[in-house]
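As structure tokens, here come the structures.
In the two complexes that follow, subunit A is the common piece, with subunit B as its partner first and subunit C second.
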Partner chain A sequence: MTEAKEQSKLLVKDHDVVVPGEVLAEGMEYLPSQGTYRKDDRIYANQTGLLIVEGKVLKTIPLAGVYLPKRHDVIIGKVIDILMTGWRLDTNSPYSAVLPLKDATFDYIKKGADLTSFFDLDEYVVCKIFQVTSQNLVDVSMKGPGLRKLKGGRILKVNAAKVPRIIGKRGSMVSMIKQATSCQLTVGQNGLVWLNGEPEQELLAVESIRKIEVEAHVPGLTDRMKQWLEKKTGKKIEMKPDEEFPEDRRPRHDGPRGPRRDGPRGPRRDGPRGPRRDGPRGPRRTGPRR
Partner chain B sequence: MAYKKRHDGRKPGETRKIIAKAGVIPNADGSGYFKIGDTEAYAAVYGPRELHPRSQQDPKQGKLRCAYNMMPFSGQGDRVRPGPSRRSKEISMVMEKALLPVVDLEAFPNAVVDVFVELPQTDAGSRCAAISAASIALADAGLRMRDVVAAVAVGVVDGMKVVDLDYEEEAWKEGDVADIPLAMVPSTGEISLVQMDGRVKKDEFVQAIEQAKPAFDAIADAQRAAIKQRYADAAAKVE
Partner chain C sequence: MDQALKEHINQALQKGYRLDGRKLDEFRELKIETGVSSTAEGSARITCGATDIIVGVKIDVGKPYSDRPDSGTLMVNAELRPTSNPDFEIGPPSIDSIEASRVIDRGIRESKSIDEKSLCIEAGEKVWMVNVDVCPLNHDGNLIDLGGLAGMAALKSARFPKLVDGQPDYHEHTKEGLKLSCVPIPVTVVKIGDNLLVDPTFAEEKAADARLTVASLEGGELCSMQKGGNATLTSEELNKMIDLALKTAKTLRKKLG
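Entry: the complex of A and B
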């Protein structure tokens, strides 16, 4: 065992871009996680991504790839079909979602009512995924804060793997773009972004989102974007979390695990959201879910 | 007269010059370019996306669908008739089988990953170039894969064991030629494609494969470097 420890060595640096089949570490001391695997005494990457070294654990943050529906994600969907009891939405992923009548609105819908008067074909809605099956059948709901039909504005398609960068820590990046451009902005986890504002400002917002997409893997993104936006607009931009993101939606993906360092807290999750994993009802958690 | 020296001065185990790039087709979810000598291939990956017709969907795992196409002007003089041919259908099928062992599509039931490979110019070894390009494109698309697949032809030209035959060697008139396209998973040494045109002795066959091992590693390195280069370029632009 001691011998194995002596021989263990990391062959790449933290925050390197790694590609499938690349040897990341030799020896038994390092552990494979998301986007990496062990074969004999070596750890290989199996996805193009940014390598993150967390102590002895090696994992990657993907840099590309389509969106896969995940429970509790807030996404932007497009109505593609009207069903007997709801709507079918395109989720910008290989799988479409169903919005059932009962989860669509608080209004009373009469039997046989014309469903297009609520959501018509080609309209966009902000909705939340509340169920994903093993075959990736998706159910969404529109009951919740911020979930609504989108009117006006424009829709932007971005690389779904870069969405966490566009949102930033606790929505800081979104908040910066909002301040700089005074646009309304909603980012769906599925890689669709909705923008609404003055035409020139919208263009600036589009440009900044494209810039984030290209530079997402280069360190110092937030500061760079802040400077860039300040230069473009001449406004002083203050860095603050966005009110739509009271806490990081997916804290598991950022920063080291382990005890939180920012002091004592109340109950870990507040409100009626309930525990994240509640037994076998949720999606199967094996496989490369992001 | 036996073939003692390669007509273009290469060593027996030496490939032609390799150029590999990633992200060459902005519209695609992933793309790759692979040039070896005068044979060049562009690959575009779309998906995973919904598979139509639905009757072809597989609820156990996603499907990989390859399409190989030589452009009309890409051959050695004669116009290649556009559209699917027996040859291109066969190559599409063997590409699929060569790439499938490394890609993991379990997370995408009922979906499909489309790989389109176009060859604007060919000088033998086109199926190998196609596989190498497709493999860059798949990795660039962010799919989970164990490793890249490196492909190159080996062969015996009039008694000489060589790697990466060009058209002149493949069509060598003065002696027997065996042309063996191979694809390999470099990290494990598994071979995912073997075809053969011509005849070889068993020991020659084994030696020819053995001789090509460094070439496979070189190709795999070029493929991986191509993807990294794409992100390095973006980073360089920032500074």
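Entry: the complex of A and C
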């Protein structure tokens, strides 16, 4: 180990922009994390992004990229199909999601009811991903605080990699924009933002979101945005967490994105779950459930 | 169409706002560049907001139509590829693409800008055929106006290929360009609710109740008009739309240079 320590060398600095294939470190002492991998005794980047050195752990924060569904993410989905027993949603990612009947509403749905009366085609909903299988089949639920159908307003597409900055720490950025513009605002982890308010205020909200997107990687963003918004509106803006973001729903920047890893995992964070679906399965949701 | 978005656009317009903050008669930032393709006889690229269109002009030699043996031909084609907008599908040309190409074509044809007789090489045997291909790289609305504008820029920059034994030699171009007697500019005015606006984005186009495309010349002469959409227009509205189109065409003409 002492020998390894002597040989280990970091070849880049914290907050450097790295490109795929770039050698980040030599030696066995550093550890690869998100967006980096080890080959022999070197660590390489496999994403273009900002390199973060956390102790001995190296990871990259991507500058851009598509959204990949991840469990526990709250996203904004668009209804693209009505199924026999639920709805299919577009998630602004390569994989569509299914919203099953039982997870869609607390209301009693009669057998043979017209599902479009709950969610119609092209409507947007705020939902939470509760399962992503290894085959990237995504299941979402609408049972939970803040999960609802979106009425009116407009949808804005943003770079999914910048979403954590738009939300801010415990929703502080969202809260500031809400205070400044009095708009209703919901940010989905999948890079869709829903916005509803007075037209003039909406424009300011759009402008501030675009500004955050552009300046996401520059330190001191929250303070800068606060000053900017105060100057624009002449209002005093208080920096506080957003009520929609309790501590446990704080967006996580770490951990691999996308499908579940194989191999052992820690204890499950959520409660009891339905039957496991790892075994062989029949055709998926094409007929009525018996 | 997303009904909620349409309502939202309407509500904002009632308060005098467009979703991107423009005034009703305001065009997006416009940039025209010519000579972008070395293999075409003339080409132009236009960017306007998020809309980005390349237009190429091909000048070919062919047999004239039998009813007009001494006239060359002009053909406009618009190609709406799925890469330019997720709403488009591959396959035969859609109604939208046929309409766009025909409206652009009509503006140029009816202005008599290109003298088709001058394109004759040998009556009944050989004439020049001018093909204009409009190809959006990214379609965020207003394809007709921008395609027509870029089409004129490309036609202006087009040079005939050298004629060798009656066949065009595309490796060598002459200095001779197309003789354009005038420059028609199409402007589309859309009606959403009671509001008239120019340069609609894709969302605004989808929310529009009716639209009118007016192609006009420098002196304000109208060459062609095309109405689209389901809503009806009163004669008063029609006059307002034409006035707005003529006013906008003036500013666009300056951009074309």
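Keep this in mind: the second predicted complex is superposed on the first by the 243 of 290 C-alpha atoms of A that agree within 3 Å, B and C clash if a C-alpha of one lies under 4 Å from a C-alpha of the other, contacts with A are read in each partner's own complex, and residues count from 1 in each chain.
In the analysis below, a residue touches a chain if its C-beta (ideal position, glycine included) is under 8 Å from a C-beta of that chain, and two chains touch if they have at least 3 such contacts.
Quick caveat: nothing in here was measured; it's all calculated off a predicted structure.
For subunit A, the partner that touches more of its residues is B, with subunit B and subunit C as the two candidates.
Once the two complexes are overlaid on the shared chain, A:V17 sits against subunit B while remaining clear of subunit C. Touch criterion not met for A:F130: it reaches neither subunit B nor subunit C. Residue contacts after overlaying the shared chain place A:V214 against subunit B, while subunit C stays out of touching range.
Look at A:R224: by the touch rule set out above, it reaches subunit B but stays clear of subunit C.
Shared-chain residue A:K151: touches subunit C; no touch with subunit B. By the touch criterion stated above, A:D122 is placed in contact with subunit C alone, subunit B being left untouched. In the overlay built on the shared chain, the residue A:L203 is in contact with subunit C alone; subunit B does not reach it.
Subunit C makes touch with subunit A in their complex at residues 1-5, 7-8, 11-12, 15-17, 19-21.
Taken in their complex, subunit B has these residues touching subunit A: 29-30, 47-50, 59, 62, 102, 104, 106-111, 139-148, 185-188, 220, 224, 227-228, 231-232, 234-235, 237-238. Remark: subunit A residues 122-124, 150-155, 196, 198-200, 202-203 touch subunit C in the complex. Interface of subunit A with subunit B (complex): residues 17, 19-23, 35, 37, 39, 44, 46-49, 62-66, 68, 94-96, 134-136, 161, 214-215, 217-218, 224, 287-289.
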